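Next come two complexes, and both contain chain A; in the first it sits with chain B, in the second with chain C.
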Partner chain A sequence: MDSKTSKRFPDNNIHLGRKISTTWVIPILITVVVTGIFLLIPEWVSSWTIVLLSTIFMYMVLSINWTIFCGPAQYFSLGIAAFFGVGVYTASIVWEAQPALPLIAVLIIAGVASSVLALLVGLTTLRIKGIYFAIFTFGLSELLRHFVMWWEVNQTGTVGRWIPIVDNNVVYRYMVVLVAISILGSYILRRSRYGLALTSIGDRQDVAEHMGVNTTAVKIGVFIATCFLTGVAGALIATRWSYIDADVAFDPIRTVMTIMMSLFGGMSTLYGPVMGTVILGIVSDVLLVKFPYLSKLFLGMILVLTVLFIPEGIAGLIAGKTQMSFRDRIANIMKIRFGKNEKE
Partner chain B sequence: MGVNLLDIIIAGLVMGGIYALAAVGLNLQYGVVRVLNMAYGEFVMVGGFIGFWMFTLYRINPIISLVICIPTMYILGWLVHKFIFQPIRAKSENIDKFAGYSILASYGLIFVMQSLAVLAWGGRIKAYSFLSKPVVILGATFEANRLVAFAASIILSIAFYIFLRVTRIGKAVRAIAQDAETASLMGINVDSLYGHTFAIGTVLAGMAGVILSTMFPVSATMGFQYTVIAIVIIVLGGLGNILGSLIGGLLLGLIGAVVLVVQPGLVIVAFYVMFLAILLIKPTGILGR
Partner chain C sequence: MDTNRAVLLQTMNVAKHFGGLAAVADVEFSLYKGEILGLIGPNGAGKTTLFNLISGALPVSHGTIRFKNVNITRMSAMKRCKLGIARTFQVGKLFPNMTVLENVGLASLFGERHRPSYADAMSEALELLRFVDLDNYINVLPSELTMAAQRRLEVARALATKPSLLLLDEVLAGLTPTEVAEGIDLINRIRQKGTTVFIVDHIMKAIMNVSDRVFVLHHGEKIAEGSPNEIASSKLVRTVYLGEEEE
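And now, the complex of A and B:
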């Protein structure tokens, strides 16, 4: 029995090299095909569905990007609203100054603004402990909200800004592309050296440092990249609102929703946040329509119950189930093949 | 500016006293139980409503409400810890994971408590008038309730500090804050004391709420700003440092009063700037090593 199994494993290891190279192609193909299908959807469904889907996809971008960094690195950012809001405001300001700019350029500038903020935050706080990072980012998003509000009331004498409206279908299609970029980016990062480095930082930072990982650089780099997409998503969805102010742009509910969706879906996998946003996106929409006064109560309860009962999320539940049954299956096979003479 | 300065200082100290009382409770919950309770301000809100309803319905003096809120808030806090934070602690494999998950759970608790408060008491702002007679001290004019509030919060904070320093339970609580594992080896029932410490923290929050309700209107959404202020103070005074919280609270009250005069809209911004600055320059707090 021992010789047989030990023979199998080296074989597998040799194949592993080739398998990795082919796994690059298939996910990219799948992503392209699925993205294509989703890009075509506006041709068939009502505009109400498109608006709902855009919102769900926005949260998908936010939660995938939040999970990319915060899942493996174990640094909980409570400042999603800050980076989102900076994207929103940058888009509005840039577009007011240069109305002729195309949407894509505005989005990129908004993303860059977000990542500059992320760079500053990263340089100053990612060296310190996780709990301080959480408090700091939380404070940052509230600081920006209050400061922008104060600035508008006292310096410019206006509250809020206009932002040009973009066609719903265009917003939707850009959002689909953003989701595709996020998913692919997350997939590639998980399999790259940087992803492993990030995981090792989350597990044991001191050990990671001893192994020669430049922990600060890895953390800041990934953080900037994820905040870029968060800012772009903010700038994009803002074009649907036409009017923005500090309370809308830096709304802390967005941070809570994103974290809840990631957690509910499961932060250890790629498909976890995707599932979480789809399920909770629909659930929260239904709740808002059916019980407008109770929706926050239900969402809060979902978050508490998720932390209490499924801290690994739905993905964790599924992984646990399949792993067990897989192990059982293997055990059964082993029993049938080799264990006959033990009991029978 | 002479009279004005006195005005500012006394107003700052009044607010600072309440801030300190509120921050000590959160500091207890973070420093001992390791729960950075984002829903802390919601307990302040519950305390505020206790003060409001007791006065409006039964004409009960807020100072007596302070006594009423001790068992109420204690039971509430104990239950919240029993059914939310204790299970999370049992499931988390290390203290960092527990800290992270308890932040997220308390985030959810904010919405649950706010919605329940709106359902129970409505979303409107409520206020009552208690001792709003003018009092003149050294040329500065105040409402009497502010002086009562200041005296109450300072007496309560000092009483609590002495409780921690002198009594056996206080000693046990401090021992857990220093090293929970060693404390349990010394025969302290750490698990049960976590619940009681958390409950004491919520009692302090409730008391701060009752005192606040004598001066300011209460509403279901008033809590969050006090969470923020309490977090700023415990970062300022050092996470887990009770004396630091007392000093930090008074300091923050004074700063708030000064900024309120210079530029009213920037009070909360000033708190945040100070908060971020402390985190960057000296994350262990002003009294930290």
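And now, the complex of A and C:
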């Protein structure tokens, strides 16, 4: 009726969900300030801390980018190691061919290579159901690992490659910037039309299409963007290693760790993966130092316990989503395991 | 009498086979701009399948569908939506992880050719929620609404794509008589906005009340077409459809 007033939001007390507004300025400012502080940290702490922080931030980049796509869209990529490894190998090959290239150029080329792979994967498999996508991406990362190995053994004759070493503090600083880009990107996407479209795809893809959403384009677009940063993170961290081979570059443990950290932190929020990577990053480092042979066993237990008891992660605990008591949860698990009815 | 009115949607020989079963067999009909067309038929007559063919959820086995004089037979559901076809779904297919406002807002954002800004789309959605009387529930999840409210939300979401043709798939089924009356009122208000409506329902009274014309589907074939009165008094329809409904 009153078209003039209806163009404006009616009341302050009505909260409009994912409202996009000019208040973007504040999150960007916060990100810039926090990033600035983290960039200065190498001045004050030991190089051991910087190395640990770089690793944690690397997983933070992987986790945030994994949850950006896989959380709302409900397509679970088990191919993180593939996009990571392509970034690593691309960096090594490009740098060998063009040693004069600056680090930033190498990183961008590595990211583009991962994106191209993501585009191919997206075009071929993102039209099919989520479960096939998960299996396909896992297969892809193993296929790439074995293919590169086979290529090196049979074609080039040398296994592994050199990669120029970059100063730890430089790697750290680039990684901080990558984290900032990931967090800001995730924040903006969550509040944009494409974030909403991604959620609708995860909820009911067929209906989303009837609402005019180009589901294939949205899925592929977001997937490519997240894989770009995954590839860049791989290329960047590889400069700490000096030597790479297929087993190192495409190590499936990176997929496992990333998913574990995301689940542990909670996939439904932005701060979930951030918390998950910080906590588990430190825990896994401590475990590796204290129990070198048992550390992966402990990490496996954490994963199992997370899935069973806090399926919504730490973020879910904080938001009060996991209201079931410990006892109820055990009963619930037993029921699922042994197929017992609630009352016998 | 209908020849001088503009045709909005036309199907020619449209058929859908599932294996050997013809769910929809050579159906031909026209929908005129501004009317409410009712579709009735016993369970399994192919009503929802016909809707799926028109909205693009399923590809036709053969035949042609024209909408606004464009051949849309091979068009994706997404493109048909942008061209002006919207639908509701028989079983609740709201987005469970999105709020009531977001459910409608998504359709406002993507439903049209031109893309409105996020804020414009959301205020549009809010206006539609007011239209269906849900503006007090914009921040809850669809699962917290009553069945009748969920149906109204489905309608609002479909309307948010700014359709010229709205397909309503059993929006009144399972509602109380009061809610049905409210639903009929809503459908009439939608027509007043200038939207053409194609409605399937089991509630005979509703269809007969609200429709300008009714056509009857039986075993995938169109067996009758006419005004609600003609249909209600047709012997053929009584035997295949109304007869079976009597208790």
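Note that the second predicted complex is superposed on the first by the 301 of 344 C-alpha atoms of A that agree within 3 Å, B and C clash if a C-alpha of one lies under 4 Å from a C-alpha of the other, contacts with A are read in each partner's own complex, and residues count from 1 in each chain.
Going forward, a contact is a pair of C-beta atoms (placed from the backbone, for glycine too) under 8 Å apart; a residue touches a chain by one contact, two chains touch by 3 or more.
From a predicted model like this one, the values you see are computed outputs, not experimental measurements.
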Which superposed partner A:V153 touches (first chain B, second chain C, both, neither): first
Which superposed partner A:R193 touches (first chain B, second chain C, both, neither): second
Chain B versus chain C as contact partner of A:D206, first or second or both or neither: second
First (chain B), second (chain C), both or neither touched by A:L299: first
Which superposed partner A:T215 touches (first chain B, second chain C, both, neither): second
Touching partner for A:V32 - first (chain B), second (chain C), both, neither: neither
Comparing the two partners chain B and chain C, which touches a greater set of residues in chain A: B
Partner chain(s) touched by A:L120 [first = chain B, second = chain C, both, neither]: neither
Residues of chain A contacting chain B in one complex and chain C in the other: none
Complex interface listing, chain C residues touching chain A: 55-57, 76-78, 81-82, 86-87, 89, 93, 95-99, 101-102, 105-107, 109-112, 115, 118-123, 126-127, 138-139, 157, 160-161
Complex interface listing, chain A residues touching chain B: 74, 76, 78, 124-125, 128-132, 134-136, 138-140, 142-143, 146-147, 149-150, 153-154, 256, 259-260, 263, 293-294, 296-297, 299-304, 306-308, 311
Contact footprint of chain C on chain A as seen in their complex: 6-10, 14-21, 72, 192-193, 196-197, 199-200, 202-204, 206-215
Complex contact set, residues of chain B against chain A: 36, 84, 87-88, 91-92, 96-97, 99-105, 107-116, 118-119, 228, 231-232, 235, 239, 263, 265-266, 268-269, 272-273, 275-276, 279-280, 283
